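Heads up, the thing below is written out as structure tokens.
Letters A, B, C, D, E and F mark the chains as written, and numbering starts fresh at 1 in each.
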Amino acid sequence: MDWALAIQNLISPPVLFFALGLVAALARSDLSIPEAIAKALSLYLMLAIGFKGGVAASENGLTVDLLLVIGAAGLLSASIPILAFWLLRTTTRVSQIDAAAIAAHYGSISIVTFIAGTAALDAAGIAFPGIMVAAAAAMEAPAIAIALFLAHRGQAGTPQTPKAPWREVALNGSIVLLIGAFIIGMVTGQKGYSDIEPFIADPFKGVLCLFLLDMGLVAGRELRQVRKTLTPALLAFGLYMPPIAGVIGGVTGALIGLPDGGIALLAILSGSASYIAVPAAMRLALPQAKPALYLTLSLAITFPFNLTIGIPFYIALAGWLS
Amino acid sequence: MDWALAIQNLISPPVLFFALGLVAALARSDLSIPEAIAKALSLYLMLAIGFKGGVAASENGLTVDLLLVIGAAGLLSASIPILAFWLLRTTTRVSQIDAAAIAAHYGSISIVTFIAGTAALDAAGIAFPGIMVAAAAAMEAPAIAIALFLAHRGQAGTPQTPKAPWREVALNGSIVLLIGAFIIGMVTGQKGYSDIEPFIADPFKGVLCLFLLDMGLVAGRELRQVRKTLTPALLAFGLYMPPIAGVIGGVTGALIGLPDGGIALLAILSGSASYIAVPAAMRLALPQAKPALYLTLSLAITFPFNLTIGIPFYIALAGWLS
Amino acid sequence: MDWALAIQNLISPPVLFFALGLVAALARSDLSIPEAIAKALSLYLMLAIGFKGGVAASENGLTVDLLLVIGAAGLLSASIPILAFWLLRTTTRVSQIDAAAIAAHYGSISIVTFIAGTAALDAAGIAFPGIMVAAAAAMEAPAIAIALFLAHRGQAGTPQTPKAPWREVALNGSIVLLIGAFIIGMVTGQKGYSDIEPFIADPFKGVLCLFLLDMGLVAGRELRQVRKTLTPALLAFGLYMPPIAGVIGGVTGALIGLPDGGIALLAILSGSASYIAVPAAMRLALPQAKPALYLTLSLAITFPFNLTIGIPFYIALAGWLS
Amino acid sequence: MTQTYPKKRLSIIIEAPFLNRLLDLLDGLDVPGYTALPALAGRGKSRSWRRDALSSDAGRMVQVLIVLDQGKVPAVLQEIRKVLDQQIGIVTLSDVEVLRPELF
Amino acid sequence: MTQTYPKKRLSIIIEAPFLNRLLDLLDGLDVPGYTALPALAGRGKSRSWRRDALSSDAGRMVQVLIVLDQGKVPAVLQEIRKVLDQQIGIVTLSDVEVLRPELF
Amino acid sequence: MTQTYPKKRLSIIIEAPFLNRLLDLLDGLDVPGYTALPALAGRGKSRSWRRDALSSDAGRMVQVLIVLDQGKVPAVLQEIRKVLDQQIGIVTLSDVEVLRPELF
């Protein structure tokens, strides 16, 4: 592992603002970002990362096979939950339904972790293919589908299972914006990019800082409740699951012939856990599962882990694998 | 008509983001921009366009006679509703009050259409006078006044007509900001401009994209209800009224000696229909009129028409006329 | 006093946008900035000014003794309320509790006045030490502590005084963000700065304009109620207290050897009055005190005074003193 | 046990563009106070609406709550009725108990 | 004196991700209208939440108000009950008086 | 027909800076849950306010709703009363019917 890179990541403004939010929330400060602003920041990041991915893809041509990457991403998203479910059922005492709900989160991805990863790659001067954005978009639905199957497996005729949230998952605003902006980027290419560069490129890293400040505040509030909600075994899961999934993702990336930066990003996506789309989908599909478990794990344990230690590790991993 | 220009407009990022919003809303995605953010984006665009107009006016001097332009704009705004009212009463079956309410919208303007028009002119390298912003500000009150007259004409002693919304119309936030920023731009001139350029000029087009994404979402939601609310005759009105009014506006612009870009913008203003200030004023002044009619027409039919086909047409028109 | 500087300040975009807001609110326009946006603008300004201060402090080293500045600032913040309280009790008829509550506001600071001051210094080409941000952060708690003491002095055994708001004051979001961003700026230095410069530096002045537009709207609404709430003696206090406190602050700054720009900023901080953090703290700690008094004074009288006349005066003062 | 006193709670769901006029009206009546709450979404006889999917204030609703003495209700209702009759507006009245009767 | 008529006020506090489904359900029932209000913060048997401190819509609550005729209540309650039984959701019913009975 | 059970609905309109203290107090009492709703605008004995025209949280109001069993009301009212007596705060109590009595 490249220690200089790891330290550079730790003292970069985005990570430090995340830490500031975390500390403020742990100290019970009333610092908070209004919900509408947090939503807008997240829409902005989605729009920008999607658009830039699309422009990059239109430039280099589709440097790697788009379908291959999407297929691999979908496969990872479907298989990681199975591993997570099995680990949870053997090492912790959570119920079948809770294990399935948690597993869905780890099969899916955290787009902010992905974005922080691209920023770290930029800082390290490592290029990555624009189509990795498409991989990110493909890693939600499979995880949810597998998790619903795992949740109900072996339970004869559960009465009144709620309608599966396929419509909500497929038309999830974030994914629609990410893919839409990607396509717009592909269509308008470098010309469109130069039109809106001062909006989507220049302030990007600063907006990321503000958003991570908010994420720190949210994660810190969650962290305050960790002792009430998580057993040591669960807490451990939140820490060992990301690198395991990350290695699986990285190896897959190497096998399908991704370049260095692509391997790193696929490892980051695999290692990250959702805390936006999947929680809402789980509330709809598995209302009996305890949000306290999956939200705290994904948000208060795995997300900070990935942001600080995970990302440099996945980047180093990509270096070894390629 | 310059087809290259038309196509260039259609595949520009702002129009594509509008289309993305439209498609997302039609597909019933939950993508949405928080109301506070949409309001802020609109305040930003108003501030920026007003300020830039003021700076431009301070630069070139008042290249064309300010009062002449404002007078012509006010006249257009008062006469277009009369034509619209007559067309509605003869070609559709809407009631007198509904026809008047719709007519008010078409006499007034859509500032976003105006802004998209300035962006298209910029892209086409056509200059326009800064004072056109003042024309935009002058095209609201006359339309509302005429429409109220048309609504009540011939109705002896309507009991309890609500207080006319003059105070609300005159002190309407958007107009106040537009005019205020225009004056500030005139006062501070190029020096003030260079102070805040990285805020109001550089990200402008990107912010416009985000705002048009929101407008697409809003228009798409409206469009889903079109079949319930609009008859074919009304729908046709939403499509033929803009070019008719646009031609009237363009010819007027040519008659008062506006340059190319000014003619185009006066045509765009005339051809566009309000969906922000006038609907609110109509709720106050003509509560019996059906919002479903005027909102759907203006937002779901005329706005997309102008954004895609109208603007290049009005610009081409200006070329022919000048 | 440098009249050119004073006039330059008066016709700078930030002050003009403040005036626009003031006029719009006095005319009862419905122009308004959504609360979430106003909060976000204020968070942005806090983050940016803190971060830039930290970077500057990391650059020059701590050019002046950090502890000395903080100590002087704390002392000013504790002694100005005593003077204010005495002036209020001898020249106006406000109750002991109201006088104490008002005094707390004048001992504390207005960060926007501070920011407008840094913008005016920038425009005048006068440098200032980055650590002045730390002085700003130190001028809240002492003022509140002294005011609580003054409010209850001589009142034997007030039954059920509410819990003092120390936790709320110490962990106040604005202060946490200001200090946090300052520290992050110190840690990441010039490298971190160049990463997020297009976000925190370039649009800064424009964002300040938008924020001051909002402040104008808020102050204007307050100003409409002035005749109902303020006696002439109180109104006069709102006008003579700032320059008095400003001179005290300026002289203190000169005594501890601050450079020109530092003296000006310490005078600005001393002369300004809080209208964000202290009102909320007073509602908690002195609920019997009348918000109409302290909010109107600080927001509708002192803030506009400082923004227009005060700042150039404090800058000129610094020139004389250094 | 804490003593409570009977009062009335008047709720008016009204369109946002009318809010200022309604509040001005209430300021002119013998009403001890009011609190307006924002709404997110709704449906009535006519259109259904979502706050985040409106182009304008038209259509967005606001709920105004007034706690007041029974004795003041008839006069207030009569005035409100005049304004609301041609407009959208859902008015409901219900019984509540309060702690400090002198406030209303 | 202004005449008023007795109706019922149904309030449903429900999690934001369910809102769309609930409103779709209501649109299919004989309900004269509804208004949804946002919530800021809350606590129940499980977690406590703050709107500004959530990463996702999960956990955020919304209050849906329905003013309707007593006669329509049983059918509506029965349908709502089906959906809410396994979910978070606080349903309350109370008496109100309205001005224009024909609206409900 | 769906069976319902009588409970109480306690509403507290309070200034935003007090909200945290009130919620902390409620967390220490035997209260089954609560939901806080934001307010937009208001007027009382003192100032009138608009959310978008405030410089600070001071003056902005929040409504806290608590559905609870009649038996728990006196103890809760007594504690709340202590805190609110010197502060702004409108407390109302009303009757509601609920579906699942065991929740409260």
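In the analysis below, a residue touches a chain if its C-beta (ideal position, glycine included) is under 8 Å from a C-beta of that chain, and two chains touch if they have at least 3 such contacts.
This structure is a prediction, so every number in the text was calculated from the model and none was measured.
Fewest steps needed to get from chain B to chain F, stepping only to touching chains, is 2.
Of all chains in the assembly, those touching chain B and also chain C are A.
In the contact between chain A and chain B, the residue numbers used by both copies make up under half of all numbers at that interface.
The chain with its Cα centroid farthest from the Cα centroid of chain E is C.
The most distant chain from chain F is B, comparing centres defined as mean Cα coordinates. Look at where the CA atoms of chain A average out and do the same for chain D: the two points lie 45 Å apart. Per-chain CA centroids place chain E at a distance of 18 Å from chain F.
Computed from the mean C-alpha positions, the centre of chain B lies at a distance of 38 Å from the centre of chain E. Residue positions 20, 37-38, 94-95 of chain F each touch two or more of the other chains. Those residues of chain B in touch with two or more other chains are numbered 30, 32-37, 168, 198, 202-203. The full set of touching chain pairs reads A-B, A-C, A-E, B-C, B-D, C-F, D-E, D-F, E-F. Chain A makes touch with chain E in their complex at residues 25, 32-35, 38, 160, 162-163, 168, 215, 217-219, 221, 225, 275-277, 279-284, 287-288, 290-292, 295, 299. Residues 1-2, 4, 7, 9, 19, 23, 26-27, 32-38, 62, 65, 67, 94-100, 103 of chain F are the ones touching chain E in the complex. The touching residues of chain B, when paired with chain C in their complex, are 34-37, 39-40, 43-44, 47, 167-168, 171-174, 176-177, 180-181, 184, 187-188, 192, 195-196, 198-200, 202-203.
Within the complex formed with chain F, the chain E residues making contact are 11, 13, 37-45, 48, 61, 63, 74, 77-78, 81, 84, 90-95.
Listing the residues of chain D that touch chain B in their complex gives 15-18, 20-21, 46-47, 50-59, 82, 85-88.
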